[in-house]
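So, here's a batch of structures to check.
Consider the two complexes below, in which chain A is the common component and chain B and chain C are the respective partners.
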Partner chain A sequence: MIAPEVLNEWYPVAMASQIRAGQRRQTQLLGQPITVVLTDGAIAVQGPTGSFPVIERFGHVWTCPGTPAHDLFTVPEVDQPGRRLVDVGVVRVKCSPLRAVENFLDIAHFPFVHTDILGAEPHTEVNRYEVQIREDTDEVWATKVTFYQPQAAKSAEVGIVTEYMYRVPAPTVSVLYKTCPVVPGEWDVIGIFVQPLTEELCDVWPYMALFDDVTPMAELIAFQQMIFLQDRSILENQIPRLLPLDPGMEIPTQADLTSIAYRRWLKKRGLTYGAQMVAA
Partner chain B sequence: MTTRWIATGLCHDLPNGVVMAGRWHDTELAVWRSASGKLAAWKDRCPHRGMRLSHGFVRGETLSCIYHGWVYGTDGGCKHIPAHPSLVPPKAIRAEAFSCVALDGVLWLAPADVSEAPPRLGGLRPVRSLSLTCGLAALMAAESALAGKDILRGSVTFGGHAVEICLLVQPKPDGITLHALCGASADLVAVSRWLEALRFKAEEKVAE
Partner chain C sequence: MIRLYDYVLSASCYKVRLMASLVGLKLEHEAVDFHPGLEHKSAAFRQMNPAGTLPVLMDGDLILTESTAMLVYLARMSGPEWLGPDTPQALAQVQQWLAFSGRLAASLGRARLHDMLLYPGDIDALRRDGHDALRELEAALTERRFAGRDWLVGDAPSIADIACFPNVALSQDGGVVLDDYPAIRLWSLSIRSLDRFVEMPGIHRLHELRPAPVEV
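Then we have the complex of A and B:
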């Protein structure tokens, strides 16, 4: 039995352009078989007992297998003129969808997992940053996150201290805003949209809306794919597979404030699909 | 009752400065040797965020987790957290240790509270390890000269010579791993070939 709190959320299930091009996508959502198809010019998602509501946003198809508890989040910045949307494609990962999001929120791994790109020893310190649950939108936010990066983006040529803001607007989604190396004062927007196939298997769609009109698209895609494949080598080797929501099983530090807030937020809202509640 | 000491590998497969994955029944472990040769075996789970420690890296007398670089000493205690370089890690942060002993060329594992010593295999030479997709029963059916349960011994004739063989059995979820030793004067290449033929025969038994 899947909790109504879980069923009433929105999840990404396909790239809209592929469905519009006539492909149908047979896939899974929360362990149920679903089909994403184009019928009479509209995208539809068919579940085992009928069709689910659909929203097309950020170039993706989103659906809700229950009764939507609220609207799908927006990212107003992505509509700014001059941004390039990068379609990175999908990556299948054998891990809990919640572990995939938590890893995206983490900066302390940069020097060890994305060595000489997003981080490098001896610049390993994580400075204090701010974390809050925003009451009005019920989202997790981390701000004033700073980190030294040898090559913060494909367009960055020298090491810089990058500033980040992280946001969790839906249980299996995270969006970050980071210092744009090309246009001072603007933020690049990068996200991951995670489709929970089962509690231990997900399809991850990296998302990028960048101010970078120089780097060829193929290079932007290759850069993000390389980063994400490095993350996958971690995600498929965490034990247990499910994300422990009860304290005691894993030991966080101050650098993990975002992860701590995310776990608390999931637990409080009953979003336990992909989570482990009792220490095994 | 489960056997206390289980062989998880041969010493020549774990040089100084290297970490490898080990297993004691259903418990997965990280087994490693420091630069000076000290041996340690821990549950294959970093206390921080659960990453497998067997994917980590050895630097000098420490093992670092590959995810956030937490540094552990050979006693299992966390010595350094790179995200907080000036913090002295609390004593409570430690990897969960198993007993690990290198004896007669074999790496043995047991729970930390083990009191007896591992079995001795004096006079034998380590040959190699090999994984089989079948169980112990199929192996025994394939070679009648072997007797025993966790340590199979027997005299096998090939190339016109009788060769003393000892196979240490390590259970795993999808079969068994064998760590093979042989008499001191045996030809290692010939024993290795015989082992591969034995694996083929044992796995065939299951297919039949």
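Then we have the complex of A and C:
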């Protein structure tokens, strides 16, 4: 029995361009079989007992298997003229959907998992940053995050100190804003949209909205896939499989503030699919 | 310059990138949108490679579409010692392993594409075939160890090792773990310890064997 709080959220289930090209996607959402199809020019999601509501946004198809508690979040920056919108494509990961999001929020692993790209030894320190659960929008935000990066983006030629903001606008989604190497004062936007197939299996759709007129699309996609696939083997080996929402034996450090806020936010809202409540 | 039509997550493309690095050859990389774009199946790409597969290596008029042939070419160009000893037995054994690497791609490689990028396939059969191939490799490497040798053919690493390494090292991506294959794991460490070894997502560099950074 899945909690209504979980069912009433929006989840990504397909890349819109693939469905619009006539592909039919038979997949799972929260353990239920669903089909994403194009019918009469509109994208439809069919669940076991009928159609689910559909929103097409950020190049992806979103659905809600219950009664939507609210609209799907927006990212106004994505509509700025001049941005390249990059659908990176699906990657399946044998892990809790919540762990996939939590990993995306973590900065401390950069020098060790994304060595010489998003981080490098000895620059391993995570500086102080700010985390809040914003009352008005009920989202988790981390701001003023800074980190030294040898190659922050495909377009970055030298190492730079990158500033980040992280945002969790939906239970299985995170969006980050990071220093844009080519347009000073603007943020590059990178997201991961996680489709929970089951509590321990997910399809992950990385997404980017960048200022970069130079890099060929195939290279932008390859760069982000490289980064995400470096994470995949780590995610598949994390124990316990479900994300613990009670403090238990794990000792968080300063660098884990965003993760702690995310876990508290999930617990407060009853978003426990892919989580365990008893301390590990 | 030699040009490689490349995809970052492809085991076969990595095979060529690794070989080029080991023999000190710099390649020009042309990224192909294999996933999700299926650019390698496009009409334009098939003009170059009718099979619609990656990688493709181009050097002047020469176009190669089989990664094992690319290993031969790069080794013969810049590191002939990588071709293995010049004896009838060794030359034949190298060919044997190059062909064997195709079995690894058809089993472990397909299992990886299935588990990671949602390619169709009978996953149980693919993993079973993968284990069959790994058992064969394990037996061969164990015998080589007993004979005091670290590599598949001869006394030094060769294109035979490089051809077989990527799909073996990435097997966990397709749900096949190497716990039962100690000789393979040791051989994999030997390859990852080579000078000018390069990594790819899923195949890490040897953090554990490197000296700790000076300023910690």
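Side notes on the structure shown:
Methods note: the second predicted complex is superposed on the first by the 278 of 280 C-alpha atoms of A that agree within 3 Å, B and C clash if a C-alpha of one lies under 4 Å from a C-alpha of the other, contacts with A are read in each partner's own complex, and residues count from 1 in each chain.
The definition used in the following text is that contacts are C-beta pairs under 8 Å (C-beta built on N, C-alpha and C of every residue); 3 or more make two chains touch, one makes a residue touch a chain.
Not measured: the values here are computed from a predicted model.
In the superposition on chain A, A:Leu229 makes contact with chain C only, while chain B stays out of contact range. Applying the stated contact rule after C-alpha superposition, one finds that A:Thr253 touches chain B and leaves chain C untouched.
In the superposed model, A:Gln238 makes contact with chain B only, not with chain C.
Applying the stated contact rule after C-alpha superposition, one finds that A:Phe112 touches each of chain B and chain C. Look at A:Thr67: by the touch rule set out above, it reaches neither chain B nor chain C. Once the two complexes are overlaid on the shared chain, A:Glu121 sits against chain B and chain C alike.
In the superposition on chain A, A:Thr49 makes contact with neither chain B nor chain C.
In the superposition on chain A, the residues of chain A touched by chain B in one structure and by chain C in the other are 112, 121-122, 233.
Across the complex, chain B is touched by residues 106, 108-109, 111-113, 121-122, 124-126, 233-234, 237-240, 244, 249-255, 259 of chain A. On the chain A side of its complex with chain C, the touching residues are 15, 18, 87-92, 94, 112, 115, 121-122, 203, 216-219, 221-223, 225-230, 232-233, 236. Across the interface of their complex, chain A is touched by residues 28, 44-45, 47-52, 55, 64-69, 81-85, 87, 92-93 of chain B. In the complex of the two chains, the chain C residues touching chain A come out as 7-9, 31-33, 35-37, 39, 115-118, 172-173, 175, 200-202, 205, 207, 213-216.
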